[in-house]
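Chain lettering (A, B, C and D) follows the sequence in which the chains are written, and residue indices restart at 1 in each chain.
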Amino acid sequence: MKKLINSVDTVLSDSLAGFCAAHADILTPGGDFKFVRRRELKPGKVALISGGGSGHEPLHAGLVGRGMLDAACPGQIFTSPTPDQMLAAAEAVDTGAGVLLIVKNYEGDVMNFDMASEMSSGSVASVITNDDVAVEDSLYTTGRRGVAGTLVVEKIVGAAAEEGGDLASLKALGERVNGATRSMGVALTSCTVPAAGKPMFEIGDDEMEMGVGIHGEPGRRRVKLASADKIAEEMIAAIVNDFGERPKGDVLLFVNGFGATPAMELYLMYDSAARELQKHGIRIARSLVGSYVTSLDMAGCSLTVTFLDEEMLRLWDAPVHTAALRWGC
Amino acid sequence: MKKLINSVDTVLSDSLAGFCAAHADILTPGGDFKFVRRRELKPGKVALISGGGSGHEPLHAGLVGRGMLDAACPGQIFTSPTPDQMLAAAEAVDTGAGVLLIVKNYEGDVMNFDMASEMSSGSVASVITNDDVAVEDSLYTTGRRGVAGTLVVEKIVGAAAEEGGDLASLKALGERVNGATRSMGVALTSCTVPAAGKPMFEIGDDEMEMGVGIHGEPGRRRVKLASADKIAEEMIAAIVNDFGERPKGDVLLFVNGFGATPAMELYLMYDSAARELQKHGIRIARSLVGSYVTSLDMAGCSLTVTFLDEEMLRLWDAPVHTAALRWGC
Amino acid sequence: MTEAGNTRTRRLIEAVAATIIEHTGELTELDSAIGDGDHGQNMKRGMTAILDDLDAIAAKPLPEALKAAGTQLVMKVGGASGPLYGTLFMALGKEIAPDPTRDDLTHAFAAAIEAVKVRGKSDAGQKTMLDVLVPVCEALRNGGSAREIDEAAEKARDATRDMQAQKGRASFLRERSIGHIDPGARSSQLMIAAVIDVLGEGA
Amino acid sequence: MTEAGNTRTRRLIEAVAATIIEHTGELTELDSAIGDGDHGQNMKRGMTAILDDLDAIAAKPLPEALKAAGTQLVMKVGGASGPLYGTLFMALGKEIAPDPTRDDLTHAFAAAIEAVKVRGKSDAGQKTMLDVLVPVCEALRNGGSAREIDEAAEKARDATRDMQAQKGRASFLRERSIGHIDPGARSSQLMIAAVIDVLGEGA
């Protein structure tokens, strides 16, 4: 295992310490890194809290700040955070208008956030994201995973919260954005959880995993390495077909790197994906390219497509100031 | 070789096509990707042009836009661009106030930019960056390499150009920033140039290369993999010692990933480096953490320290809107 | 509570914690194959937290001790196993008598399993810890000997190998989840074996 | 210009281009060891550009043909080798007579090498292409036979192996640059061998 770390046991706290120090102008840690919160709260605003296992940086802590999250709870690597983290975060950032939890659809995350909601005395609602089309949403699975589309939900709902939206309307908006969002991922390599010390799976030099999530789990199918165009063709087809009746609007195309994918390759994938969307007659209104929802040191990427209605487009463009996303201010 | 590409021959053009499409709001390609230029020029402003081999993305094209570069010339992978690219770029973005070339100190870059300057009819000046302390600046080398510190020069000089600085003063400022900047890099893995198809060097599972540049070249010494703290200690010591008499001001600490380094590790390195600076009695005024000056799919990072005087601090904070750096607007 | 009860609780906790910590690597391996490779560390973290609090926990009557252990798991483990095992122990504590008969134990265990099913929206047959817990409860109810219960747990654990996961991360893999033992089934079986070991000693 | 001259220029260009393109992989290997792994592709790109323009170039008198080839290298290669080989060919073209004698050639080659030194701020002894070009020029001046010049180039190329680089990327490696042949020395030697081959035929 080759990583820039001090010891397996301190990876998370060392990294969070660096993160909080590097962005001390906008955020601050709470309770021994139980959570990371926005430095300046906006009284009367619904508090947005997300969280999940670590190893997906900059998600979620890198999305804390003006126009997005009020707090993020980092769990252990690939392990959902615990209810006490969420309760502590809620207590710290709830200014009276209630708390909206944004939760990726993994049983661990959902159960822990559920327990926190049950224990909480304040008013709490949640949005569950489940944008991954690689997983069938059927009786025989736990349902689709929440992956990179979660960032889109957090951005748009975050902007609406900043504008003063109430808890119920934000929850509804979050569900609308989630419903308009689909993702799919491909991995070229596995990733290495520090505590395990070796890659999660072995994969040949000419193979890739189609339909991976963001936890180093194997994907749906192992296939021969294909060209960027072929990969984009399959992923965009899966995404577009999954929509059934297409929502209104042009789309946001979000090409997300998994942690070890150079910008050069991500932009190349953007080019391939954009051409595929065009073939399907879908127009791109906004673009985002970068490693935002990662899987430690995995090489590969995901494509996310969100149909933006007018309100969503406006909220996407609204000012945001977080460690990872910043514009308009 | 595992890369998201279509073919070795089209990597560069495919990737540039995606890049220009994804950021079409702020930039536009020129002459069959001879250069990438700012969409809206500011008449009367000195034009800033940089360039260099590709494979370092987002440097330089990702730094084109308001408050930074007016154009960037992408060469082939790890190969300096050619004089005709630079001439075409200068012709496209010179609005009459002259052109400042920002050139990393590699013989290829310097010679090609020199030839372009000699062929150009306009008024042209250049700043050569050479921040890499791993290379001795002696008669027996070609002098220090320009590495991640180049971004700092481009940001600060870019802001001054936006404010209306003239060619001579911008050149002087660029040299001042370069003089206040030092970097050093470490690689955990090699990188793979697509045309070569295999890693540039073999390296053991428990080894690292100290003092690497950004072209996949071996570093100064191959040593056993060390902890983040130990690596930071050596790099910060090399940087601090190299300054001799320390410039005035607090510093910018810039932790730069080489392309395959996850954010988690970069922030961890930030933590280690910040503690080292503290030991040397150096205060951090600004921070930047991310993969900005990369070496294809190399794992590792560089540390850059710039002493910011008051003017430099103000210009660092000035609004910037490029693909890779954005704040204040 | 009696001195004996206190000692027994302590020995139970120590035995369960020891076996989990000892098998951290194996649990992680199993979870790497069809999950996300953290089950070993998760369980170890939980058990370490319980051990850190051992004096306080072991001093409590059995129901309170179980609830306290469950709370530690909920608050320290995270992931899917934290809420699930936390719920199991907390519900056990809620249902069990301070000095339970076998019938009491069977009843409480069954109730705790129901609580896990509710929390996990899951049931036996989906390749999870429930595929060990449910048969073990059955064997308990049917009057099986310590040895028979032990064997039922091992058989049930091994039987998860051929199942296709319908809950947990392994379900994302669909048919690729077949051929691997479920990590939660293994950790459940380990804990049950440890408990039987301790209770067997005293019997 | 004469029909024969046109044919000779064409054959020279084709031979030089062919040997470089054929050795692309080897040049890249050499550059991977102590440089950045692009010398093969760089030179191939330049040669391909020259071949694309072959009809126009070969139709020119020798001096103009050389200048045109040099310009192609400057505009298509990039890196260090682009300006350096570009300068070499352009300066050769500037200095050479349309139908050169051996003396003319020696003079022009020496002048072109000087131009390379100025462009590269470099000299022989620094583990670069100059360590082949300079001894070859020397052999030419000393009246060496085709075979002797060929051998001088090979010997000079091999001699770069034990040198420590003081120019070019390899200089960043300091003592680690020792033990590898310089890629530019190899490409120079390849081109010289090709030229000798073609001129030898006609001789």
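In this text, a contact is a pair of C-beta atoms (placed from the backbone, for glycine too) under 8 Å apart; a residue touches a chain by one contact, two chains touch by 3 or more.
On a predicted model such as this, the values are computed, not experimentally measured, just so you know.
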Can you name the chain that lies farthest from subunit B, using the mean of each chain's Cα atoms as its centre?
C
Chain-centre distance (mean CA atoms) for subunit B and subunit C, in whole Å, is 54
Can you give the whole-Å distance between the Cα centres of subunit A and subunit C?
32
On a C-alpha centroid basis, what's the spacing between subunit A and subunit D, in Å?
54
Please report how many Å separate the Cα centroid of subunit C from that of subunit D, as a whole number.
75
A full list of chain pairs that touch reads A-B, A-C, B-D
Please output the residues of subunit C touching subunit A within their complex, sorted ascending.
28, 32, 34-38, 40-42, 45, 74-84, 119-120, 164, 166-169, 171-174, 176
For subunit B, which residues are in contact with subunit A within the complex?
1-7, 11, 14-19, 21-23, 54-55, 57-58, 62, 188-189, 205, 208, 225, 227-229, 231, 255, 259-272, 274, 287, 289, 291, 294, 296-297, 299-301, 326-329
Considering only the defined contacts, which subunit A positions touch subunit C in the complex?
53, 75-84, 106-108, 111-112, 114-115, 134-136, 139-142, 145, 193, 195-196, 200-201, 213, 215-218, 220
